[in-house]
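Okay, so chain A shows up in both of these, paired with chain B first and chain C after.
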Partner chain A sequence: MAGGFPARLSFVALVLVAAGLVVAAPSFLDTYLVNILIRAFFVAMAAITVDIMWGYCGTLTFGQSAFFGIGVYALAIVFTEYGFGTWQAFAALGATLAVTAVVAALTGWLSFYPGSTPLYASIVSLVVPIVLVQILYSGGTFTGSSSGLVGFESFDLDLENWFRLAGLGLIAVAVVALIVMRSDTGRLLAALRDNDARCTYLGIDTSRIRIAVLTLTALVAGLAGFGYAAFGAIAAPENASFTFGTRLIIMVALGGRGTIVGAIVGALSIEVASAYLSGSFPYVWELIIGVALIAVILAFPDGLVGVFRKLRRGLTGFRAAEATHLRPPPLRSWPTRTATWRSRFTGLASISAA
Partner chain B sequence: MAIEVHGLSKHFGSLTVLDGVEFTARRAELLSLVGPNGAGKTTLIRCLSDGRERSTGEVAIAGRPIDHLPPDRIVRFGLGRKFQTASVFETLTVAECLRIARTQHAAPSLISTSTVLELPAAATAVLERSGLAERLNEETRNLSHGLKQALELAMVLALEPEVLLLDEPTAGLTRAERHGFADILSALVTRDRLCILLVEHDLDFVREISSRIIVLHQGRIALDGSVDEVVNSALVREIYTGQPAAEAAP
Partner chain C sequence: MLTVVLDAVTTAALLFIISSGLLIVFGVMKIINFAHAAFLTVGGYAALVGAQLGLPWVLVLPLAFIAGGICGALSEAIIVRRLYQRPLDAILATWGLGIVIGQLITLAFGREVQFVQAPITGTVAFAGLDYSAYRLVMVAAAVIVAVVFTGLLSGTRLGLSTRAVIMNEMLAQGLGVNSARVRLATFAVGSGLAALSGALITPLSSVDPNMGLPWLISAFMLVMVSGGSLLALAVSCLVLGGCQVIVSTFVNPILGGLTIAILAAVVLRVRPKGFARA
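And now, the complex of A and B:
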């Protein structure tokens, strides 16, 4: 984590408060909202993966929905074909991880081969969910085609515990994402986003890193889909569609990309608002989301979290938290290292002179 | 040999940009590459640092053939390339940029930010001379053009290269910055025994620091010799003054 001890302490305190809220909330929220929020928590996990790919690594990706969909269908297909049970649950989980990893690695290889452009990667990410949905449509009774899979037995958990499980899962994903993104590795990803060519000429295999990040985020999105289907006991082609992929992008843009917290804020607010408003304004609702997105991007390019940060900065006058907390890295001139470096040079020189 | 080039050619369709380029460079040698615009200087630099660029010919860096390897692999042979425009990471701080440059030597942590930055002496020297050492925690987008150039050089030196390719490193620098740059380059060649290949337009600057000069003209090596030989040659006068060689020749 960036920052000193006080920053770390307030981070831990915030996480504990969030976890406490998640544990306590189902007792005083109405059943409908609890239902909506459980789904929203799983969607938010997928939104975090979009934020990492887009906000930190700089690749606008429509494809995370495909990995979410693979999780959804892995569970639905296994439980429909073989019924519900312990081994079936593990088999579904294993299938989710294996298939997402393979598809993601393949997608990454297609998207980030040396010399590819960010636009090309985005288009590949658009194609993947489209192809996947076509496969689902043509899968007959195995995939349920356009009507999806319903009526399979799933985990028997009451609503309150589903809420706690999903909520704590989301917090765990967010905490891991925040820690990694604020670490030196997170800086490396930002460097890839800022200037890929410079990274390559610093001896960094940028393609390999991008493929690795895509695969890891895809696994998380796949697990989120697995949870989503386990709770809802339903699988629909929409769960894998690029429309859902675009929705994830809108959530991240609305909340504030490159912030992780923004992805959660965006996902929860859009999911909850959709649930309440799409019933009252069935067609106008999509239009409202579109207009809201344009308004946010034009007026607040850093999203809702960006607005909040600007307000806080205006009130307290403190600029980027990282700059204030970062200790000056002491520059060590390194006698031992320098010595070996020199001798390596002279050694090579004598070889080439010989 | 630090750089070995044999029969290097580069075509874009029917257009030949480099044609049968052939030269070698040793360690502790500062080789300047001069020539008019469009002579193929930057293309040559690109062909030396990216194995997929050239059309024909062989290139070896630090004694190892670069085949058709991508730049990140060639960099690990001991190559450092500074781009023509200052190329740093705009949203990162100076220290973070340098840490990225050290990725090969110190794998980045997944959970924490390190507060210690270990740099080879050559990179530290550039930071201290330029004044960047006091501005390690500033975001690079706020730095002046000259400081960005210095930072990029420090990042490349942090790789501990054996061969340094510099494409017009002094473009857009003030006279004082240019002078500082010349000192740094001289020290790298004499003290650290680097092989530097420098693309430069300013003939005075080249004359001051080079140990050898190659003149590239219309994709071919027109001259390869000592500073005196090249600077006083009729061809260079023709290229730089526009006078035909016949009139300029004694």
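And now, the complex of A and C:
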């Protein structure tokens, strides 16, 4: 990791502090907030995957919600049809991983091919959750149609331990993501985002890498959905919808794209604020989100994390390196002698000056 | 059988009117306006207001167009203008704009579904069966829209400047075309068209703050497949709209709603130019 030993030490220290907070927090926070935060932690995991796809790879993807939804419904359907038990849990887990991987690979094959444009990839990522939701609607009692699935038995864990599980899971995902993104892989993905043509020119198979990243992030998003449904014991088509997908993007945009921390900040803030404000002022809250999105895109492309970083730089007096001024060469006398200069290519004289 | 054909043609006409505004914006500015659904809703509510004020339909349609045009002009000046170099960000910003407009409409008019009386009710005897007169009027409206806009593009100076900007903006600017004004006019006209189409479709279903959303995805896919030309848009509306009607009628209405999106994605994968001439 860049930065050497002190940076690594402060990173580990930060992670330990965060983990400690997660373990200790349920004792201090009230039950409603704990409930909200558990859900928010799972959503934040999905938001991290969106950040990896969008902030690091440069693909504006509305489709990560589809993979989240697959995880949600895999668990819900297995537990509804077959009840709750050890083999059912493993089956649901296996189904989540298998189905998300297949759908992601298919989506990736459709979106990323030599000559595809980022716009086309976004379009395909738009279509996937819509198709999935329609499939859910037409599933009858198997998928619960528009009402979703409720009342299935799920893991028996008390609220505080769910909080610790979800929080530590989020920290684990974030740490892995940060380590990977700060390594050469992260550089490769940034290169893909910034100049795809040059990467292809250098012999890197950009389509295959993008498909691989999509599949891996889809697996994580699916697992996040699995956890979400395991805690909430509810599966609704909204969990897989295009609207949820755009909500994830808004979270990443507001928090700060291209920084894993931004995704977490955005997801947690919006989930918590939504829970508290949408009861009292539903329309105004959505309005605020819309305005905030526009403001972020226009004025603060780096989101909250970007603003925070700028403030920190301003406070500590850090200034961007100024261009070094080259000293002008000392003026010498002009050359006083010239030799005859001639250049010939077979019969052609290209330069000749005396 | 004839009912299916007529359904297909009228659905295609409806899709054409809705997508034409998006196409014009995409063709000139190369950005997708995700607020299109919101402008459609603006037009729907303009029609509602007009109907409540008792205005004749002949006045309601221009009212909707102007309402949409004003919203579009304001959006372009405040938001879209700064995002021409960043098309993906423009998608997000216009989506945010769509949310804002939708919420403002909800705050002003409430969330419930409302209805507008159709100006032409009843059926018409057409080639042996009774078909909804209003749907047939859609076809006429689509043809009028196509004719008017082709006329504007080829017959007026603004149209000439627009075509120049579509072909090569930098060159057009170099030749003295005020591309900023062209973009403003285009966005305003595109939004006006969206509002007009919203006003036209309200008698067919209803008016609610989210009425535009289902149409947005279909319109978006149709515009992508048509690749920028109005004629190609008409063709794609007929082909894809026809497929949608066939699937809805013979297979499953839910799958029918998906046909346009899926077919368009597949067509684009196979032939990135879509239905446009090579």
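Criterion: the second predicted complex is superposed on the first by the 316 of 354 C-alpha atoms of A that agree within 3 Å, B and C clash if a C-alpha of one lies under 4 Å from a C-alpha of the other, contacts with A are read in each partner's own complex, and residues count from 1 in each chain.
The working rule: a residue touches a chain if its C-beta (ideal position, glycine included) is under 8 Å from a C-beta of that chain, and two chains touch if they have at least 3 such contacts.
Computed from a prediction, not measured in an experiment: that's the story for all the values here.
Visitor: Considering only touches as defined above, state whether A:Tyr283 meets chain B (first), chain C (second), both or neither.
Guide: second
Visitor: Touch check for A:Leu110: first (chain B), second (chain C), both, or neither?
Guide: second
Visitor: State which residues of chain A lie in both footprints, the one left by chain B and the one left by chain C.
Guide: Shared contact residues on chain A: 115.
Visitor: Flag every residue of chain C that touches chain A in the complex, lowest number first.
Guide: 32, 79, 82-83, 87-89, 91-93, 95-100, 102-104, 106-107, 217, 220-221, 224, 252, 254-255, 257-258, 261-262, 265, 268-269, 272
Visitor: For chain A, which residues are in contact with chain B within the complex?
Guide: Contacts found on chain A: 1-2, 114-115, 179-180, 182-185, 187-188, 190-191, 193-195, 197-206, 323, 326-334, 337-338, 341-342, 345-346, 348-349, 352.
Visitor: Over in the complex, which chain B residues touch chain A? Could you list them?
Guide: Going through chain B, the ones touching chain A are 1-2, 26-28, 49, 52, 62-63, 70-72, 75-76, 80-81, 83, 87-93, 95-97, 99-101, 103-104, 108-121, 124, 127, 133, 136-137, 139, 152, 155-156, 159-160, 162, 192-193.
Visitor: Chain C touches which residues of chain A in the complex?
Guide: Interface residues on the chain A side: 60, 110, 113, 115-120, 122-124, 126-127, 130-131, 134, 137-138, 242, 246, 249-250, 253, 283-284, 286-287, 289-294, 297-298, 301.
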